[in-house]
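Sharing a structure, written as structure tokens. Questions coming.
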Amino acid sequence: MAERVNVSFFQELMATVAEQGRALLPKALFRDSAGESIEVLSRALMSGRGEASGVAIARQLLNQLKKASGEERLAFYHFLAKDLQPDPTDVSDAARNYLESPTDKALRRLQKASYSPRLEFFRRLNLAPGATAEIVALRADLVRHIKSDEGLAAVDSDLERLLGSWFNRGFLVLRRIDWQTPAAILEKIIQYEAVHEIRGWDDLRRRLDPKDRRCFAFFHPALVDEPLIFVEVALMRETPDAISTVLDGRSSDDDAPPTTAVFYSISNCQEGLKGVSFGNFLLKQVVEDLARDVSTLRTFVTLSPAPSFARWVDRAVASGSDVPISAEDRKALARLRDPRWVEEAAKDAPGTEELRSALMGLAAHYYLMARSSDDRPVDQVARFHLGNGARLERLNWLGDISEKGLREAHGLMVNYRYDLSEIERNHEAYADEGTVSASRAVRSLLRPVSKTKGIAAVPDLLVLPSGTKTKRARSEDAQS
Amino acid sequence: MAERVNVSFFQELMATVAEQGRALLPKALFRDSAGESIEVLSRALMSGRGEASGVAIARQLLNQLKKASGEERLAFYHFLAKDLQPDPTDVSDAARNYLESPTDKALRRLQKASYSPRLEFFRRLNLAPGATAEIVALRADLVRHIKSDEGLAAVDSDLERLLGSWFNRGFLVLRRIDWQTPAAILEKIIQYEAVHEIRGWDDLRRRLDPKDRRCFAFFHPALVDEPLIFVEVALMRETPDAISTVLDGRSSDDDAPPTTAVFYSISNCQEGLKGVSFGNFLLKQVVEDLARDVSTLRTFVTLSPAPSFARWVDRAVASGSDVPISAEDRKALARLRDPRWVEEAAKDAPGTEELRSALMGLAAHYYLMARSSDDRPVDQVARFHLGNGARLERLNWLGDISEKGLREAHGLMVNYRYDLSEIERNHEAYADEGTVSASRAVRSLLRPVSKTKGIAAVPDLLVLPSGTKTKRARSEDAQS
Amino acid sequence: MAERVNVSFFQELMATVAEQGRALLPKALFRDSAGESIEVLSRALMSGRGEASGVAIARQLLNQLKKASGEERLAFYHFLAKDLQPDPTDVSDAARNYLESPTDKALRRLQKASYSPRLEFFRRLNLAPGATAEIVALRADLVRHIKSDEGLAAVDSDLERLLGSWFNRGFLVLRRIDWQTPAAILEKIIQYEAVHEIRGWDDLRRRLDPKDRRCFAFFHPALVDEPLIFVEVALMRETPDAISTVLDGRSSDDDAPPTTAVFYSISNCQEGLKGVSFGNFLLKQVVEDLARDVSTLRTFVTLSPAPSFARWVDRAVASGSDVPISAEDRKALARLRDPRWVEEAAKDAPGTEELRSALMGLAAHYYLMARSSDDRPVDQVARFHLGNGARLERLNWLGDISEKGLREAHGLMVNYRYDLSEIERNHEAYADEGTVSASRAVRSLLRPVSKTKGIAAVPDLLVLPSGTKTKRARSEDAQS
Amino acid sequence: MAERVNVSFFQELMATVAEQGRALLPKALFRDSAGESIEVLSRALMSGRGEASGVAIARQLLNQLKKASGEERLAFYHFLAKDLQPDPTDVSDAARNYLESPTDKALRRLQKASYSPRLEFFRRLNLAPGATAEIVALRADLVRHIKSDEGLAAVDSDLERLLGSWFNRGFLVLRRIDWQTPAAILEKIIQYEAVHEIRGWDDLRRRLDPKDRRCFAFFHPALVDEPLIFVEVALMRETPDAISTVLDGRSSDDDAPPTTAVFYSISNCQEGLKGVSFGNFLLKQVVEDLARDVSTLRTFVTLSPAPSFARWVDRAVASGSDVPISAEDRKALARLRDPRWVEEAAKDAPGTEELRSALMGLAAHYYLMARSSDDRPVDQVARFHLGNGARLERLNWLGDISEKGLREAHGLMVNYRYDLSEIERNHEAYADEGTVSASRAVRSLLRPVSKTKGIAAVPDLLVLPSGTKTKRARSEDAQS
């Protein structure tokens, strides 16, 4: 019988946040700085004047930035990069001092001297009502320039750290998105969906149907109208092997309770929060919430794309790759060049089974064996779910036969399973040793030794990436 | 006609914040770490395991800390101080590298190497629902140990910086406190009032009377039930010269509109946020809000205590001080030793005028001339308001004749005035040159040259602390 | 400085209303009445058992009614009509008693004896959570039967009186509808729009654009998700003469402030609240709210359809009518039979002016002279606005050339003007004497004497319906 | 998985109710009626002008009534009583018509003719923002006059019926009252507590302690800040036999879960809603809610006063009563005249047992046998709980030894038990036949035949009021 939460006071309090975020600043109160340049305002913000009138200056500066041309903004970023640096003499002195005598005090002096003034700059910029959203938007713009302008990387790095601190998971709020959600938010869900496009309001409504669909998003108190990330869930009675089952499925009339929560789309919404990770926390909290609210759920599983599989296959098929492909496989795979292959495969035309077998063998290799230069799986979606502690559960032939699905993955889709009893163990095995947790079914798709260039057939014992060190070996029992 | 704020969605969202802050963690989902020690959990939080199960580990760790004895907590602080340090070799290497070639890249390497792992530790700790409040409480406890344990200063310094970032003014919410506020919050207002004690609920109700009283507080979304700082305001028709006028004043029946907003009490609420400054922002926003809501207000002024005046007077009177005190003054001041002096002064007994004159002369010196070692005014309340850009408006004889008022300030109270047209200028003059903005009335209380040991009488031209450098000189016109 | 409203407590309180409206009743607590028939439950509700377990019985009864077939519901209505009647003997006795001695006491006995038990029945039915919405739906169903089943009129009459009491304007809430409104409500706005169909979400969004559009609806606390009536408003810079100007108008880029609020669509939403009038209150409150919020507004005007004009013209043109139509007019009006007439009129083809003149003359007659059997204007929209105190401001040729606009009104649209300074006077003149307040422009369209069969041309003096009694005469000055 | 309730939209909607209830009416919009008399305004409200400007007139009228003297208000009530009557000729005609031919149509004509215009008057009065609360207050004032002015009874009777309709349980909201509730509401709880006075905020806080106390109130959407009725509950581990156990009980430290919910105080708050019953619904809903939220609760019981027991005892002891009192009892009861009897009884002084026995015997008679003229129990609290279907569970000697408890009930307190499985049966038995459901323990206190003047001792078979008719007999098994 714990003390009740003060919900209503808090709500009203928060309504105030929302409102003050939009309030017009009483201009008359402060020295009119409307005509001052971005750089002058930036310097003012960091000066003693900034202490007295920080809110007003920050607001002016943000207004100027909003009206600024692309060039002016770029100049501003360069100003941040060049002028808001620690003083080199201070840093050098502190470094020398530390090397002479590496005491606690010397360390603190060094930390202080090398501390980036940009962090303080952005903290002061955030004084203005509604600033947080504008700072996030600023970074989205900045990020576009980094690719072509290495000098701005330090600015971006500071911003990423600061936003990571502000958008700490402890400050985020998980909210269900449904048909009671304001249209302004729903419209953004339509817009931000990045995996399986939402085709208008009717499609959205189907995806929010309380009977067998769920959608959850993270929000931050200072970003009133903006979801940060959201996940779409289908409540089903079995793990689906094709996305059409989810997207086109009518809600069934029988009232058999759902047993399986299928995460079929996860979309990050804010370019400006790149590098600040939410997905991990979102999925885990949604699993917990669903487990509590829908007591019949037993299985939590994704239906995920394989975004770089087709590209990888093309490269593997090309000569010179070390991926084991038999001549038969090569022949079968040649069918992929004919755009009508899917149609025929759907009709189970002759040669379909050979193609299926070759492609699924390659898929198993893609997930279990292939590694990128950092010794992690090639597939970014796999990295995300395996890093979260999920298990590679099933590879689905013809899982997504949309134009995009065929182009990116020859139709392949994947189920990752979140089994609460093994999430932590999987995560650690993956984090420490790169081990990919996979079901026996997936592992059994790996081609036998003769085809895989001298690697022992160990499907029942180990799943090892090529070049595995001994300490990574783990018994299968530990994994499935 | 700007777009409306999405208040209701936001409110509901925030209700979720409030609730999730108290939610019980589904224990079953994660490895049971209930029995693990604080140090083991702390290390786990910083490890790969912390990435997978950070929320659960952080929650466990906070639970352990809550149950911990004083000694155990102290051991934990020392663990933070000793073990969560940057790697000295890394720092040394990075320092050496920077000294060799102070490039941007070398700087970033140095910043990274010297970055305190404690910051990351507290960020991970904050993953747990409701953690922010517990971290603030933790610092309140830590601060108590610092005085006697210098080794913990670095931990405290990290925490102060982190909390300063989290409690950025841009994330705070100003809320009016009134009779519609939940009792749980009102009770804390009673408890936290630090200037003029609130004597029970009836006294509180008077101080919240919407007819002529206001109270505002800052809140933070992650600290549901806790005001951070609050200010009490009386709406009056003239600037009061004694606190009893405010505290005992019945609300008058005539409906003459108020002209003067009197800030008569400002209290910080959270020990754990020491060093994170809110008062500046609070006062300015309240001034703006009141100016908008009560259009008849013309004057914004405080009625403030002078908490160290009595102590300073005692020292000044003692021999060896450089404060100019005439023999007559000395004689007059001797009356202060008799506890009945106030009573008699109130009756205007013989000698009262001499005492008044001596004390007010000293008061003017205390504010205008006396400086502490950092060349700023001795009085901490004066530092705060002058630093905010206020002007020293009036010194009030017998302003507070409560036991506390007499003990701390021989009854002296002070009005600081917030004049929006000069706040920024005052602030800069004070920040840059230590200039105290004061009304002519206050300056005229300064004792003439013969009494003040050879300092020129310049009340109409300059207000200078003793030992003033030329560059600080400012024409009076600039100040009042 | 009145006392602040306790908004947050109230909101939370109301959230409880909303939730309890959907709560499942704890079945176990009461005698299981799931299997009992509608009639048995109805009788139980009126009995002593109803006093003890009214909530549960009412819930059961409503559940049964929801599942009931059309026939079963009809039987239920007949049960209400026949069995829930005052006792005839009681009524007769009380009537006799009153006639003997018409005292206060005798009156009260008569009132009591003749009081309809159905009122009590519906009050008890309303005990169940969520009942109000179901009772409103019940009446919507009942109303459909009345047309063919006179016996049920008494039941309907009781329900109308009861709902009129429950939905008293004092209990209604005016809410702005905008893009922050939940999709579930917006969807109903699309569905309930009865004047100018909303063509999907994009059209809706345009109609809610905060720049120059407004939408307001009345809600009742006990009907959570259901608007009762809503009005759509365009903020413009002049009174529009065609609906396309409003529906297709892009929001202009120039920021000239709006001067004219145009009410271009008013839709009742609830069949079951037929006869309970809201429109009057809605318009007046919206006028007040807009006048306060958008200070540049000077004119409040409708752009309204003329739903029975075409039918009336057809009848007028047919022989035997007493509407004065000249031979030339007749010839011009014949063009209406060609569906291409609008196209040609838009091109100002020869004969257009004659048609325009004939049709607008008839329109003036339709509004100013024609009367239905109750001596009120023929047009129902005119009755509504004139009854509210509006003035007939302008008749618009080719105002609505949609298929519906042409079919119902040969394209005619009307502006009614709400001038706050004359609303009350207009209303009284209309209510007491049937006087139609009309602008000089409208009155000048009336055909001169020779064409109007011997009625004096008095446009500048009087606007009189045919057969006007003398006392209705009013000077023009009083009206425009 | 039902559709989620639209809580937030509803909350915002309701905030609007709260606000509009206080909004100032834009005076300029309507004919200024500030100077018109109450009667003129009342007539205007009922006229055609009332239809056009009802909101404004109603507001003016309510304002006039607020400022009116007692005499003026009385004149207004008489105006309502005399002038707002059905037309006698209409009523007579309709009565005659009905007697001639009692058809449905004739009945409706009669109902219409005899319908009280006052009902319409109050409905129009309710158009004004905030009117409902003022109408309730009006009735509270009116009720005071009825006692001395029979002529106003008809007005009151109309108001009671109307308020009964508006305050239908379906429109009420149950809200928990706790330390998060706004002080403005809590203050009213202190003020309205009618059974066991709340001695200030500390006492209140104890009564709201979430550990083992609960408080619930009913609210109505149109009465923002006003509880209608509230109940205080203690969660305990056994049924208490004295109020001090509840009021003075510290919350125990052991965490043994509560088994017994004790309703120890129920207070109606609104004089103006006299005759509109809420208590019945309140208790039942609180029982349901508590049963759901605190799963360990098994027993729901009151600890209730016996407000007229002492008076009844005095009369019984006086000669001429038909209550059986033996000479010994008489002697024992004489001790009650000594104010120190309680003190001595507490010390179990000689004679205590005799007094206890005599008093408890009388108490049993008071509840089980004594009847008022309507053949119901004498005790009003008993009527309430027995009417709700509760059972008389236990009579407590020295249950309330406060001054009030001794004065009103010689210290007696009573437990009524709400057993969900028998509530409906008990209610029906009580409603239909006046049967008092009582535990064997209570019945066993009834004095044997020789003492009770010839009534058979049938405690194990029947509990019958004196003069019981046979059909009321019920087997004991049915009752306990």
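When the chains are written out, they are named A, B, C and D in that same order, and each has its own residue count from 1.
Here, a contact is a pair of C-beta atoms (placed from the backbone, for glycine too) under 8 Å apart; a residue touches a chain by one contact, two chains touch by 3 or more.
Bear in mind that the values here come from a model prediction, so they are computed numbers and not experimental data.
Seen from the Cα centre of subunit C, the chain whose own Cα centre is farthest off is B.
By residue number, more than half of the contact pairs of B-D reappear in one of the listed pairs A-B, C-D or A-C, namely A-C.
In this assembly, the C-alpha centroid of subunit B lies 59 Å from the C-alpha centroid of subunit C.
Subunit C and subunit D have centres, each the mean of its CA atoms, that are 41 Å apart. Annotation for subunit C: residues 2, 5-9, 11-12, 179-182, 184 touch two or more other chains.
Residues 7-9, 11-12, 179-184, 186-187, 200-201, 205 of subunit B are the ones touching subunit D in the complex. Residues 2, 5-22, 26, 28-31, 48-49, 51-55, 85-86, 88, 91-92, 95-96, 98-99, 102, 104, 107-108, 110-111, 114-116, 123, 126-129, 131-132, 151, 154, 157, 162, 164-166, 168-171, 173-175, 181-182, 184-185, 219, 221-222, 224-225, 280-281, 284, 288, 291-292, 388-389, 420, 423-424, 427-428, 431-432 of subunit D are the ones that touch subunit C when the two sit in their complex.
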